[in-house]
Amino acid sequence: MTIIAADELAEGRPPASPDSQPPAQRIEGRTPLQLAWARLRRDKVSIFCLFVIVLLVLSAVFAPVLTGWIGHGPNEQYRDIGLSPEGLPQAPNGTFWLGTDDLGRDILSRIIYGTRVSLLVGVLATALAVLVGLAVGTTSGYYGGKVDTFLSRTMDVFLSFPFLLFAISLVSVFQPSLKISIFVIAFFTWSNVGRIVRGQVLSIREKEYIEAARSLGAGDFRIMTVDVIPNLVAPLIVYSTLLIPTAIVFEATLSFLGLGVVPPTPTWGNMISESLSTYLQAPWFVFFPSLALFIATLAFNLLGDGLRDALDPRAARVLARK
Amino acid sequence: MGRFIARRLLFGVVVLFVISLAVFVLFFVVAPGDPAANFVGKSPTPEQIQQAKVRYGLDKPVPEQYLQYVGRLLHGDLGYSFRNAEPVRKTLLDRLPATASLAGGAAVVWLLMGIPIGILAATKPRSIRDRLATVFALGGLSIPPFVAGLLLLYFLYYRLSLNGLDIFPASGYVPLTQNPFEWARHLILPWFALALVTAASYSRITRGSLLEVLGEDYIRTARAKGLSERRVIYRHGLRSALTPVVTLLGIDVGTLLGGAIVTEVVFGLQGIGQNAIVAVSTGDLPVIFGTVLFAAFFIVIANILVDIAYAVLDSRVRLA
Amino acid sequence: MTAVDHAGRTVHTQQGEVLLRVDNAVKHFPIKQGIVFQKEVARVHAVDGVDLEVRSGETLGLVGETGCGKSTLARLVAGLYPMTSGSIEFDGQDISNLSRKAMRPFRRDIQMIFQDPYGSLNPRRRVGSIIGDPFDIHNVASGADRKKRVQELMEVVGLNPEHYNRFPAEFSGGQRQRIGVARALALRPKLIICDEPVSALDVSIQAQVINLLDDLQKEFGLTYIFIAHDLSVVRHVSDRVAVMYLGKIEEIADVDDLYDKPRHPYTNALLSAVPVPDPDRADTRERIILRGDVPSPVNPPDGCPFHPRCPKAQTICVDEMPPLVPAFDDPASHRKACHFPVADGEDISTSTPSIDQTSTEPKVGSTG
């Protein structure tokens, strides 16, 4: 019987008990996204992750306020109280809750500021990649034929680039910066989005409602925007949520290799990189930035997973069949 | 089949050509500053720059330069490092064993971790076992290799050696031919650091694809025939469920052969990736783009092998 | 009959005038292969020289087995595919291979109802916006006006106008097909092509949708091309019926003529497969069992396409495609494409062909 339950979810029938809802809402069909949100709300893990992500966004936005409360700026060096007599970082204590780094700076303040770079790069690079991937993938899948051959071969070429190496050489040519990081990450991820979109569009294109739109005289652009792309929203939401942590890790990796955002701007990758010389004696120095990276990445990954279940009830149906 | 391979090979050549063009345009056309200055290291004299111009033909028009550059590539000439004047090809080949040992060993580790965890999860969906596998997968995905490496170094090298247990060395590479035991001992931490993320994603993929396969009609038929659950899963299910894993394996190993940059840096392994990072920090352009092309070559080869393996494994794929 | 329709245009086509004329329509789909440059290696002969006339106000039934080209023909008329050759004339104007822009005004007059009530409605859009699509696309109405018109349409086709904001998934198959009908009706077209509109529905629902189409035809003076493979449904709705086989029309006649005096052996075979409600008649009736399968449209047989399976085939059937002309003393409206038409009362279930048909039967695997 679970199969039927899954089907009901998939087809978006309103709940069976009519008296539980006011009549106006019964006639107003709920959008697939509303239904997905209703499903997601029941998933405690996803809601918790959403909460964590909101906290991260808030701490990025209000970083100056937060560090103001803490009383230590991200780049202030407390060489007197922040370093041990031997010049080593201080372990976490009452003044420096998460300890200090090799220059006597407050690790907590730097982590809070690091959230800004991570989220900015994660979101912007993903948005850029999704936009380009959506445009290229939709065009490729919708028109098919020679256009498709050319565009999907182009995407294949992009997927064949040794991307980290090429990213490193790109960054070394253009000098590291925030903009270059975002651009480089988007440059090497849009083709993944494009491939997924193309595959989806190829199957949507064969649907009769596309033919119906065409027989009504709708132009290609209208069909793509009105009939094709709305059907891509669900997979794109899931995929974007999973791309953000990838972009965050990519940025941290570039920073770790000294090719990301230039120090002294605090980023999690920069902090981990700076910890290399002293982290064996001062493990908190590597541990807390890594933890921040881990929490942010995990929250997005878990949320993406929950979103997939909520937006794609087909996955649930596969389980139900067993 | 021959047609199919021919087509893939042709496309592989095209890809390499495009990448060489991209590398060329990046370093000689787009890059700010005088490209010749890039060939003579940091703070060169004007005479050195002039010499470099003549030597690399940079005084000629750009298309001609590109043709010369491709011509050299076709002869296997990747140029010379200006840091130590060694041929780039030799440096790369010298460094390949360390990188290949790292990539190969890590691949074994992630397969041995990822696939069994994926199978355990898929055979009992929504059980505690499945949830633990999900925790492993999503947790593992969130620990990038450089973090995993530093944590392993801290706990398994530093903390152990503080207690007098020198089980794992911190860095270095010992060739397999020289001492197999030391080779493995030096590589075991890097293997795990590098394998964790990939193992996590492989467990996810194995689970997803096995679940999908187990829902297919032919599996139901196999069950209806009265085959044991074991036989159903391992003989009938796994065969087609592992096809996407094989696809990924080829591409992942191919990519890593071009340098497992971060892991090599963290563990001080003198591989291709670490060499590339040194080249980037010293501005050794011939080495950088030699490495990029070398890595692209492996990815292209891996892609071709994967496509062929895919066609052999999955008879539904038409060799059109 | 001259009237003014809802879009303000004058309807000048008279009842019985030719609304649509298809002249030697051909549609071949190329099959391509190649490493770098794809070259054409074969063609699917989907529609292979069809002549057809549809008169204003009538319903033309189009029957045939799966793959006989009836859906392709419908899509050629709807302007969804470019034609390989031939011409289509609508309301006196040549509309074959018009540019997208030039075709636009005609799209208002030619609408389609699709087979799959699930696939033909975008699951992500509300019913109101689906039915209102034609108004949007042709800039006929927007905003509140559009909503009012959509709700009128919903009422006309028997849907609750309050369900304007629901999604297709919230409707049953029959209701969805009504949505499709409403969308096709929106611009008050002259011709509606119904591509197997009821074959995906439960039998009990089929009658409702057919009756709806019938009522709408009377109310709005519509012309239908009604495609189906269910011969009883076609008999019920059609004024005239055309039988297609392998991209060609084999027989065309007024509905009663066709069902009472089928001239083409293929029509005979099709009709003999229809279940008869009277068991006594069913027992006495001889079923005509055709040999082999429908040949591949990639390599259609020479001459009459039916010759490899025809019980009456002779040498001339292999050599020469018979013209579509009346047989015996049939009226001019009853035409067949057969060298040896079946006479009244003739029993062809016992006929044997005079040619060797084994060689022309499709070989196993030859189409793969």
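Per-chain numbering from 1; labels A, B and C assigned in written order.
Just so we're on the same page, a residue touches a chain if its C-beta (ideal position, glycine included) is under 8 Å from a C-beta of that chain, and two chains touch if they have at least 3 such contacts.
All values reported here derive from a predicted model rather than from experimental measurement.
Novice: Could you quickly compare A-B and A-C and let me know which has more C-beta contacts?
Specialist: The comparison resolves to A-B.
Novice: Closest chain to the protein's overall Cα mean, using per-chain Cα means, please.
Specialist: The most central chain here turns out to be A.
Novice: State the chain with the largest centre-to-centre distance from chain B, centres being mean CA positions.
Specialist: The chain lying farthest from chain B is C.
Novice: Provide the C-alpha centroid distance between chain B and chain C, rounded to the nearest whole angstrom.
Specialist: Averaging C-alpha atoms per chain gives centres 56 Å apart.
Novice: Indicate the whole-number Å distance between the mean C-alpha point of chain A and the mean C-alpha point of chain B.
Specialist: So the centroids are 23 Å from each other.
Novice: With chain centres defined as C-alpha means, what is the inter-centre distance between chain A and chain C in Å?
Specialist: Distance between chain centres, rounded to whole Å: 50 Å.
Novice: Inside the complex, what are the residues of chain A that reach chain B?
Specialist: Residue positions touching the partner: 153, 156-157, 160-162, 164-166, 168-170, 172-174, 245, 249, 252-253, 256-259, 272, 275-276, 279-280, 283, 286, 290, 293-294, 297-298, 301-302, 305, 318-319, 321-322.
Novice: Which bits of chain A are touching chain C when the two form their complex?
Specialist: Result: residues 10-14, 27-32, 207-209, 211-219, 222, 226-227, 230-231, 233 of chain A touch chain C.
Novice: For the complex, which residues does chain B have touching chain A?
Specialist: Residue positions touching the partner: 11, 14-15, 18-19, 22-23, 26-27, 30-32, 125-126, 134, 138-139, 141-144, 146-147, 150-151, 153-154, 158, 211-212, 214-215, 255, 258-259, 261-262, 265, 273, 276-277, 280-281, 283, 288-289, 291-292, 295-296, 298-300, 303.
Novice: Help me check something: in the complex, which residues belonging to chain C touch chain A?
Specialist: For this pair, the touching residues of chain C are 75, 78-80, 100, 103-104, 107-108, 110-112, 114-116, 119-127, 133-134, 137-138, 162-167, 169-170, 180, 183.
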